[in-house]
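Chain lettering (A, B and C) follows the sequence in which the chains are written, and residue indices restart at 1 in each chain.
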Amino acid sequence: MMERWKKWNNPYLPAVLGILALMILGQTVTSGFLSMNNISSILMTTAILTMASIGQAAVVISGDSGLDMSVGAVMSLTALFGPMIVLGSGMASLFVMIPAVLLIGGCVGLLNGLGVQVIKIVPLVMTLIMSNVVNGFAILITGGQPSVSVSKELQSISGVFVGPVRYLTAIVLILLIVLEIFFLRKSRYGRSLFLVGDNYNAARLCGINSKKIVILAYGFSGAMAGLAGLFLVGYAGTAQMNMASSYTMLSVAAVVIGGTKLTGGKGTFIGGALGAMVLILITNILQALNMAAGLRSLIQGLILIGILMTNSRAPKLRQ
Amino acid sequence: MGLVFRNVSKSYGAVVAIRQADMEIERGEVRAILGGNGSGKSTLAKIAGGLIGKDTGEILLDEEKIDFSSPKEAKKHQVIMTSQELSLFGNLTVEENISICDVPRRAGFTDKKALKKKARDILASMNLESIVGKKVSELAANQQYMVELAKALAQDPKILLIDEITSALYREDVDIVCRLLADLKKKGCIILFISHRMAELYAICDSVTIMRNGETLGTYQMEEKTEDELLSLMVGTKVESYHGEGRHKGERKRDVFLKASQIRIPSYGTEESLEIGKGEIIGVAGLQGHGQTELIRALYGMYGEISLEKDGQPLTIHSPREAVRQGFAFISGDRERDGTFRERSLAENVLAVQQLVKNQKAKDAKEILDGYNVRYDHPGQLITDLSGGNQQKVVVGRWLSTEPTLLLADDPSKGIDVKARNDLHREFARLAGQGSAVIMISSDDDELVNITSMAETSRVIVLYEGKISAVLTGDAISRENISAASMPINAIPDEQEVSRS
Amino acid sequence: MNLFKKVTGWSAFPALLLFLIFLGINGVLTGGLSVYFFHSFISTNAAAICVAIGVTATILVAGTDISLGSIVSLVNVVIVTLCERGYSVSTAALIAFGCAVVCGMINGFIIGVMRVNPLLTTFATSTAFGGIALWILPYPGGYIDYSFGDWYLGSLFGILPTPAVLILALILIWTIFIKLPFGIHLYALGKDVKKAYASGINVTFLRFFVHTFAGIAAGAAGICISASTCAGSPVVGASMSMNSIAAAVIGGVSLNGGIGSVWGGIFGACFLNILISIVVSANFGSVVQSFIQGLILLIGVVFSVIAADRELSGKMKKIFRGGAR
């Protein structure tokens, strides 16, 4: 009995149950909810949020209350900056765009990592301030008035691949699985990341370069956010200032819902993807109900509070 | 009469901390509780002090049931628990710490003058008035302990629970503690004293209750039992406490394996040198916080660059990573902080160094775990499912399976029971037998005497204020000599004192 | 001599010094320091100072509060909306202030009683509070009667500007609390929760109190900002949370808790804002403005963290000296 319960008590369970419940709720609230079209767009936005949450998860796993609050700012930056790269053909510029956004995001992330690890600024503060700098930089390069034309090739990522699955969804799904297995679970880096996140000091004593591992985790998060920003603009078709600012909060929430421990040392990318799906479903239902933006954000906040109160309570001081 | 524990039990989920505890203590008695780690003695003290709740049973004080829901309530009934890990705040001053549980007020506000006066009154009996006004983080370890005791005394205890004095006390401090406790006894105070240090127990306590595996086994008058008898009772099988004395091999010419001419000890700003022989075990002794830990951490590259000479070749180590690559290993007794990865499996814990740092084709995790007698179900389970001793075996397995040429051990047997400790010593001796060097710190002098007797060549070096105050070899390695060299009076020869000033 | 050491060793001293230096620079640039300047400085920055006081209180117990900016926005929106519904300004302000206190108490309840991590809690509540503000007033707009602005720009007894009175009131509440035995308990809690509990300190109450106090501070900030702009915006406080944390860090308040004082937060906020006003008066284009402000925050925090960390600052000194050779 105990064993069976343990098997069920798996970190993905709340997210999976949540997805099922939300789908049923969505269908009962609005009839067209589970239509091909809607599912397809849910999967698209989930894919973008998943990209952001993969990086966020790596930072959270790296421990010491690691959080990357600059995800949204980096996404907004690359969403503005990525499409500006224009080479001979549309396809060629797409192939330059991808490494470019990875590089931009990665650099911001590395700066975060250096601030956290070398100067020892608390991650929350470091990344929050960095997001301010990045936002300021975005205004600086665009002069405050983005006039970005998104190329056809970039927009083609939202073309239909098969059924409700569009190209981007497929790409992200493959990327997710590859990163989860070959980066997080199998690679020497991924395994070191878990150990460092679990016990920084012990990992250092084992001869693992803890500092480098954590800095790279922030760099990775930045790079993933950079890519997510490019995907976002490709999907949206137009770019605006701060268009991705809500993704910071969403990525953290996705990671938490996906069962990743905020104390570090434990977690998965796939959990983050499931968490992302839960959040997108909620947003989608609220939108379908024609709710005002403010009310939507209130409900999201309340849901997050609910999750925290059931999921992330500190143990009692008296045991 | 007095304090009575009847049928007390406590478990955390499936883990039983206290199976059954029964015990009676008279007014004016100082009772020691002796037991291995995980025997439940700290848990018992915490239950009495209101820090944790009990599952069954009752506690009676003067035939009245007591059951505190919080430390605050316990304090109202003058039941005071003190333990080093739970007592002092480094960011507050001495007087604030002493009175924190009952701040003197005037018209509701904190009365700073009364605060200082109260602290001075209590500290005067310890000859420590001068530390009033200082922050606790600025104090030496033994002074902190005194402040801790002062904090307990300030609350005018009827029942005083003292858990684990880990810092060694100077001889005069022990006298002061004895005197203060004697005063409390006169007032009819009940004192529960938990410690691993036998010498202190004999000096301070009237009687002793033995605990093993969460059960109280019996109570004896202190003078009835010898040290060995108590230890046997505690472990359950007959053991002899370490009797390494007189069995040491005489000093022999040894091949120098590693030469460290400048080992910096940051907190004292001193430098020491050390030559380490092949197959040698070096015990490092001294009062806590006199630079022992820093000595071996510096060798491990934790304080930045250190220049060494290995087999005659110069070698510079910048970080633990390079140290590991050179075949060094580091085992710490502070498992939670320096050893285990609590959220990760046994396999990951045991293979961390081999696979992730040394790139060796790792042996099977199972093989290593079995080889070091770890008791476990399967390699995928969390390390926190194991007992403290077994966790330490996992850490030892992690390092010894890499076949290190130099093993640095910082009080590796802290908080593990005698059996596991003996296993550990055997492994260390085996490693030394293969020609590797072992440097081991211990807060227990007997342990050092024991382990150094197990190797072909060995030394004990004693540190005092960041300097090596004595090097003992052969028959000179004995508890008396170590503690004599650790104590301040003998540590610095008079001439040196003179030449310094 | 002893006094000198005490002053220079004070955790808030570097921020005070920086503030005074840049005040001087600003004075030189703008042609002298006048009473008028102080008056306008305090009335524009009172909100930031109030929030910094509130957030410092929470950081001292090893917590934090990133929902204060949202609470400020909420207060602003409530005042505007109520005024437009025909309530008198003072009633509207009082009701809005009450809302802020309730918000603080909600934070305090979730963090203190439910024991959820303060960062995550206030992160979630800031979404919720911000959502309410946006729900009530989706777009910037509305106005408040100018009598509110006049009251705000006026002064008490002809000397003390109203915003200064509000700030002093906050400081007074906090100082009284600190002078009670709670003060010692609060710093103890900031250092170590487990030890604090074992010493019989009421952890739940203290956490509840500091977040409620932070709510009060945010309420005062909301009143200040509403009175100085006399207009409504659902995102008026958005940048305040982060700036206030940066201010506290610059003011020598340790994010690990237990070290620092509200004065640190106050001087940190003053310093940041004087610096920003210098940048503004330097007439960079509005496009460069926000980037520079971000850099200022970053540099300020980096330097104050390095300064507070003895080991690190020693290393830095070494590096720079080595470079000079």
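Rule of thumb we're sticking to: contacts are C-beta pairs under 8 Å (C-beta built on N, C-alpha and C of every residue); 3 or more make two chains touch, one makes a residue touch a chain.
The shown structure was predicted, so the numbers you read here are calculated from the model rather than taken from an experiment.
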Review point. Count the touching C-beta pairs: is A-C or A-B ahead?
Key: A-C
Exercise for review: Could you work out which chain's C-alpha centre is the most distant one from the centre of chain A?
Suggested key: B
Exercise for review: Compute the distance, rounded to whole Å, between the mean C-alpha positions of chain A and chain B.
Suggested key: 45
Review point. So, what's the distance in Å between the C-alpha centres of chain C and chain A?
Key: 30
Exercise for review: Identify all positions of chain A at which a residue touches two or more other chains, and write them in rising order.
Suggested key: 318
Check your understanding: In chain C, what residues contact two or more other chains?
Key -> 194, 197
Point to revise | Where chain B touches two or more other chains, by residue | key: 51, 70
Practice item. Within their complex, state which residues of chain B touch chain A. Key: 12, 50-53, 69-70, 300, 302, 319-321, 323-325, 330, 332, 337-344, 348, 352-353, 355-358, 398
Point to revise | Residue ranges of chain A in contact with chain B within the complex | key: 188, 191-192, 194-195, 198-199, 201-209, 261, 265-266, 318-319
Review point. What residues on chain B touch chain C, complex-wise?
Key: 49, 51, 70-72, 74-75, 81, 83, 86-92, 96, 100-101, 103, 105, 108-110
Practice item. Within their complex, state which residues of chain C touch chain B. Key: 179-181, 183-185, 187-188, 190-192, 194-202, 258-259
Check your understanding: What does chain A use to touch chain C in their complex?
Key -> 65, 67, 115, 119-122, 124-126, 128-130, 132-137, 139-140, 143-144, 249, 252, 256, 262, 292-302, 304-305, 308-309, 312-318
